[in-house]
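Mind looking over this structure? Questions follow.
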Amino acid sequence: MQVTTLGEALYPSPLRYFVSDSLRLAERIIQRPDEKMTDNIAFELAGPREKLFFDAKNTRAGIVTCGGLSPGLNDVIRSLFLELHHAYGVSHVYGFQGGYRGLDPHLGKEPLLLTPELVDDVHKKGGTFLGTSRGPVDTAVAVQNLIDKQINILFVVGGDGTQRGGYELYKEAKRQNYPLAVVGVPKTIDNDIPFVSQTFGYLTAIEEAAKALDRAHVEARCVNNGISLVKLMGRNAGFIAAGATLASQEVNFILVPEVPFKLEGPNGFLAALKKRIQDRGHALVVVAEGAGQELLQNNTQLKDASGNIILNDIGQYLSTRIKTFFEDEDIPVHLRYMDPSYLIRSTRANAVDSVLCDLFARNAVHAAMAGKTGLIIGKMHDKYIHVPSELLASRKRVMETDGMLWHGVLASTGQPASFY
Amino acid sequence: MQVTTLGEALYPSPLRYFVSDSLRLAERIIQRPDEKMTDNIAFELAGPREKLFFDAKNTRAGIVTCGGLSPGLNDVIRSLFLELHHAYGVSHVYGFQGGYRGLDPHLGKEPLLLTPELVDDVHKKGGTFLGTSRGPVDTAVAVQNLIDKQINILFVVGGDGTQRGGYELYKEAKRQNYPLAVVGVPKTIDNDIPFVSQTFGYLTAIEEAAKALDRAHVEARCVNNGISLVKLMGRNAGFIAAGATLASQEVNFILVPEVPFKLEGPNGFLAALKKRIQDRGHALVVVAEGAGQELLQNNTQLKDASGNIILNDIGQYLSTRIKTFFEDEDIPVHLRYMDPSYLIRSTRANAVDSVLCDLFARNAVHAAMAGKTGLIIGKMHDKYIHVPSELLASRKRVMETDGMLWHGVLASTGQPASFY
Amino acid sequence: MQVTTLGEALYPSPLRYFVSDSLRLAERIIQRPDEKMTDNIAFELAGPREKLFFDAKNTRAGIVTCGGLSPGLNDVIRSLFLELHHAYGVSHVYGFQGGYRGLDPHLGKEPLLLTPELVDDVHKKGGTFLGTSRGPVDTAVAVQNLIDKQINILFVVGGDGTQRGGYELYKEAKRQNYPLAVVGVPKTIDNDIPFVSQTFGYLTAIEEAAKALDRAHVEARCVNNGISLVKLMGRNAGFIAAGATLASQEVNFILVPEVPFKLEGPNGFLAALKKRIQDRGHALVVVAEGAGQELLQNNTQLKDASGNIILNDIGQYLSTRIKTFFEDEDIPVHLRYMDPSYLIRSTRANAVDSVLCDLFARNAVHAAMAGKTGLIIGKMHDKYIHVPSELLASRKRVMETDGMLWHGVLASTGQPASFY
Amino acid sequence: MQVTTLGEALYPSPLRYFVSDSLRLAERIIQRPDEKMTDNIAFELAGPREKLFFDAKNTRAGIVTCGGLSPGLNDVIRSLFLELHHAYGVSHVYGFQGGYRGLDPHLGKEPLLLTPELVDDVHKKGGTFLGTSRGPVDTAVAVQNLIDKQINILFVVGGDGTQRGGYELYKEAKRQNYPLAVVGVPKTIDNDIPFVSQTFGYLTAIEEAAKALDRAHVEARCVNNGISLVKLMGRNAGFIAAGATLASQEVNFILVPEVPFKLEGPNGFLAALKKRIQDRGHALVVVAEGAGQELLQNNTQLKDASGNIILNDIGQYLSTRIKTFFEDEDIPVHLRYMDPSYLIRSTRANAVDSVLCDLFARNAVHAAMAGKTGLIIGKMHDKYIHVPSELLASRKRVMETDGMLWHGVLASTGQPASFY
């Protein structure tokens, strides 16, 4: 699938390794007998292009980070800047501050002019040194601001909502015939953006979450009938809970959004937990924040500034239900509830995420300098690709419950395939 | 101050380095002009004794761990066993399971007979592999059980309440003329046991808590008007909050049990927090769990199984009050509340705590083998000492608000000396 | 490419998620215009099969770990056992001790009969609790031993040489008409096994190596004309050096086996290092152990017990050459040489490697229980596959110098593409 | 023991907690019967003074860091600056760059004028952002430079040699009647400065060294007859080796400067190592860099720029001797030699060292502002004290071989008290 390119290429690149615009990577690559893959989408490969659209000397770029924290944001900003600055020679790179608000000169602070000194050590800290916020910006105001600042390239680092916003900016600029390359770097600690097999920050989150699970296991194991209940991130997809479970190998029960469950009844979760406590005297339960929403009274669906539905707190709910259940059963338990989410997402990226951030960022710069726009950098089958932004809306990425990861998780926990 | 010794020494020790019973260490060592230190308590020094009371070949020992988790419990058990086994040749060392309950044969599981293989790697895990619980045991039943098992040495690893329990066991055995050495290894992650300048687990807690504070700081700093509120351990004393604050150097406000504070009014905490938000746009607040109890409605003082008063949750209370305050002030803030306590206390000991555990444990064995009883191992002026258990009740150890640690904390945060 | 299957399937599996034998994954998946991929190899997908060859109740399995340490060995052993034991019900799983030596009853210790208790915590430690060694075993003796012990499944965890050895065992058993499933789990911290995009331990190595680089950078930066030279693993491929360089972002020069280099001359490495020192006053140099072998006098090529050529020490050689060079140039430098290889490879697996180990191991069990033999589990395009062992000899996996990773490394270091 | 004070106090402090000049802390505090402590030295206590000598508004201060790296240098610089700046209101604080060289305007770079922004995050990095070097400076030139820059307070952060240098500066200034407060913050990762029970960086070194020992243990244990030999820091004192040994609990043999040893003979080290290998099949040996110097041919004693004798490399020597010994004995062993010193000393301070750095630094500022000079901040009996610089030359601090630490180490390793 080809992304929009702003116009014909103007400048030869100083680089010696190039990726051709004509290469394609298909979404479905597993060959099944007697099947024709007629509706298979194929994507451009990311990488440096031999012909550039923008003249580095006369080009200004901007970077904005939006939404919740994810390990690696500073790595991305830094590598975007360094590739623009050193490899392409773009001298003016601005960091918009405080998320999309920063694109509106009436709301935000002035953008920072980035320098090698300024970004030198930022990758050693969690968070984003540009600041972040939720919520959109007035598209017309933002594009006018970019025009005023002579910025032709905008990197938007953020999740679904952010990338939708980036797509609106691209369309507005196109409407005004202003050559604006909007390139997205997908950010979701939950790892749930379609066409991106692995988003940055996810593996760091697994690492930190697995440590929390190991400790929660210690808490449960050292007391009689100890139950540790840990809530982890994962609004729509249980990737963090599943990955951390597999890494830790200590979890007995895991509840994720992809698998609805019942609490009551002979095959419900509470009966299984009771059996575990009676048999082994301790249990470690992990719940993704988006799990079991169907159990909660959800009359008025509130949304946050990014437009995400505010979830009811399944952690607190489960905690109460477990407590009440064992009181009713007259089985004394020591229940401890832990929510390490903020402490996980604010760490700096680990090594593998740092590498990922670097490559995502450099590929974003390659795409932008070649004049590609209205796209995000994706990753599929271990390759970096160009994903048209409009495609994002068409899919949700969740964990396959008949796939290898979830199967490994079930084997590791020993829990039944469902609580029904 | 001399502890009770069971009787005359019977056996020569195989060791070559000994500490004399006649050495003393005074509590007050700072010399002030024109002051006579007449009421100065002095303690025996801990260490191996040249003459032993127990014959290793015919002696059995027991170990019990009680109360909440603290990093290093497994290190202590392991070094108690190894010193008994290798240095003194005691072949039967039992690990009572599940805290004091384990001393009652009707309630608990059978004690484990410890071996070098069993303890080999336990120090690499958090928690206590013997299990723990809160609450006392029937003194007569427990002593009879020790007599039945021919156990003449009991190591009790635990806090105030546990050591009081140990003292009761010692008195009961004495009443029955059963030679029982009860030696306590003080355990409190809060570091609030008198005559013990540094309990094991405390420095690991500081380490982990400081990491949590650094992350909470990232959370606060990356958003507009971000406030991170972190609750740390510290029921009666603010040592963990203070140590972590000094280590992190990122905290703006710290609230501890030793310094009562007001929320309202021009010199109250909320006004100071508002000023900070208006000036800098972000704030990191640390509160010890025992702080500000006077602010909470506390009509019915509940106690847990160890007899500790169940504290009202100052963290949740503060969280609500801050939220309401800024709503009333019409200042939008992003408040995030974090409670990493369980995740901190369940870690394994760091290196300095491992050293501390080893030395506490070996000194406890030295004391017991020499027939000392009714004591805990203390640490004062960088030396290990024998503290008679009965002395523990006479004092509370809290942070001096006119001392170096709190002064450093105030300098580091820049907060006023009090909110009044 | 299909692997050998021992015979027709006998037993229905208790699992509900299956992978068909007929699915294929092609090696080359990037579509180039006007190109027909006629010689494209395609592989079976790994995963649980609906029909099994072995009857779990009457089947015994063995596990052996060979060669140098890599983080995750214990995770692999543990997950092999747990999948065999819990998912398939194989009750006798033996751990052969001390590498291939352990297969020879005359040389090694008796194999361990694995139990859930024995493997419970092994994944929290580095190394392999079964022990390891280099070098082959007498094939006939080993197969006879397996026959005597009624072992029909053998998992060999190791590198190239180990897998070649496994292939010989498979052929010998076939010659004797003994149904033996030999399934390899590829192990190379260097990440250089063909058809395996990511071997376990590699990402942990990157993580630890990047930490070492950060510290070496501190050493160099704090003194005048400080040069830190760090040797990292990588006999034939520079993946560890490259990955750690990209993760650390502090490296100025990296030397890998894939890119020969000159020391002398105006475009040589030493001239570039001199320029860096004169311009910036400090430098961080990384060298993979297999780099620059062409520079070393290599008259007699010694081999170790695994048949690997013993490399001349490029680290010590470079260290001497740099020292002499700057002495000759009369430029005082502080050169520090560090070789953290042993400290890196002996760590426990990090979270992402733990997940990888678990999935490699479970897929190995699925393959073996279905009667597949003479294969290793591979990973390609983010999918687990079956790779016939005989294919391994046909390829070497090295870093592409015109690919994304090396390009990112060059951009990050700012070094020229080659020293010529 | 009282330190020199520059003159009468001029300005009331804004602080509310003060320490009196008249308080004293004696060196010897253990009371022995029938002993009169007639020659007991007593020290001033550190802390804020009610009366100051310097007027903050008209005072300039300088900071210099010298010698080898130790974790916490940046923490010390930062807290020195913050206490001067925020607590006392000193607006001009200079960081001299590159060690004592930086005091000579002809040799070094210009000093940095420190600001809150500049030091904000420096404590999160290892090393010293001011740079360091070995070797002295021309005293007259340096003092003239301080006079020219109107600097009346100089903090010297460094070891023995550095503090001797600071004492010379103090004497030169006194000779010239220039009121210069020279206050030392003792820095030695080896922990071997007299009157300082614990120097900053030491506990971080223990932490990192213990990790290295755990990994070396894995290396040794996973192969047949594996021997890991680890060299750790410790030129004159074995504190790091001993502390790490006690923390790790995996070491079988430890060799330190305080205990000479023989290699050969029936009671020598090699015979003991052979026995261990024959009995257990693996061994972990730790050697402090200053151990066994008597074994090495030491004809020409070279000194480094700081005047320290360049030690012969006991690590390499032992490695060769062990290898040869087992070859001669015809026992095949796998010997691995590791030297993690640079990787240890360049880490950032851990939490307990960060607290220590903060308190050392603030006490140094208190002393300087009160006009104290020619002293270093010490720590004794858990209290911070003022130690006259001239006293340093009179003592060496080494580990007591009849004390608790070494006794614990021997118990933990199980090695004999000496190899003779």
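Note that the chains are named A, B, C and D in the order they appear, and that numbering of residues resets to 1 at the start of each chain.
The rule is short, and it goes like this: contacts are C-beta pairs under 8 Å (C-beta built on N, C-alpha and C of every residue); 3 or more make two chains touch, one makes a residue touch a chain.
Given the structure is predicted, the values throughout are model-derived calculations rather than measurements.
*Asks:* Considering only chains that satisfy the touch condition with chain A, which of them also satisfy it with chain D?
*Replies:* Expected: B, C.
*Asks:* Which chain has its C-alpha centre farthest away from the C-alpha centre of chain C?
*Replies:* Looking at centroid distances, B is the chain farthest away.
*Asks:* As a quick test, compute the distance in whole Å between the mean CA positions of chain B and chain C.
*Replies:* 45
*Asks:* So what's the Cα centroid distance for chain C and chain D, whole Å?
*Replies:* 41
*Asks:* In angstrom, rounded to a whole number, how far apart do the mean CA points of chain B and chain D lie?
*Replies:* Roughly 29 Å, centre to centre.
*Asks:* Counting only residues that touch at least 2 other chains, which ones in chain B make the list?
*Replies:* 125
*Asks:* In the complex of these two chains, what residues of chain D are touching chain B?
*Replies:* Listed in rising order, the residues of chain D that touch chain B are 15-17, 20, 22-26, 29-33, 42, 45, 47-48, 75, 78-79, 82-83, 86-87, 123, 197, 203, 206-207, 209-210, 243-244, 246-249, 350-352, 354-355, 358-359, 362-363, 380-384, 402-405, 407-408, 411-412, 414, 417.
*Asks:* How about chain B: which of its residues touch chain A in the complex?
*Replies:* 69, 98, 101, 125-128, 131-133, 212, 214-216, 218-219, 221-224, 228, 336, 338-340, 342-343, 346-347
*Asks:* Would you tell me which residues of chain A are touching chain D in their complex?
*Replies:* It comes out as residues 121, 124-125.
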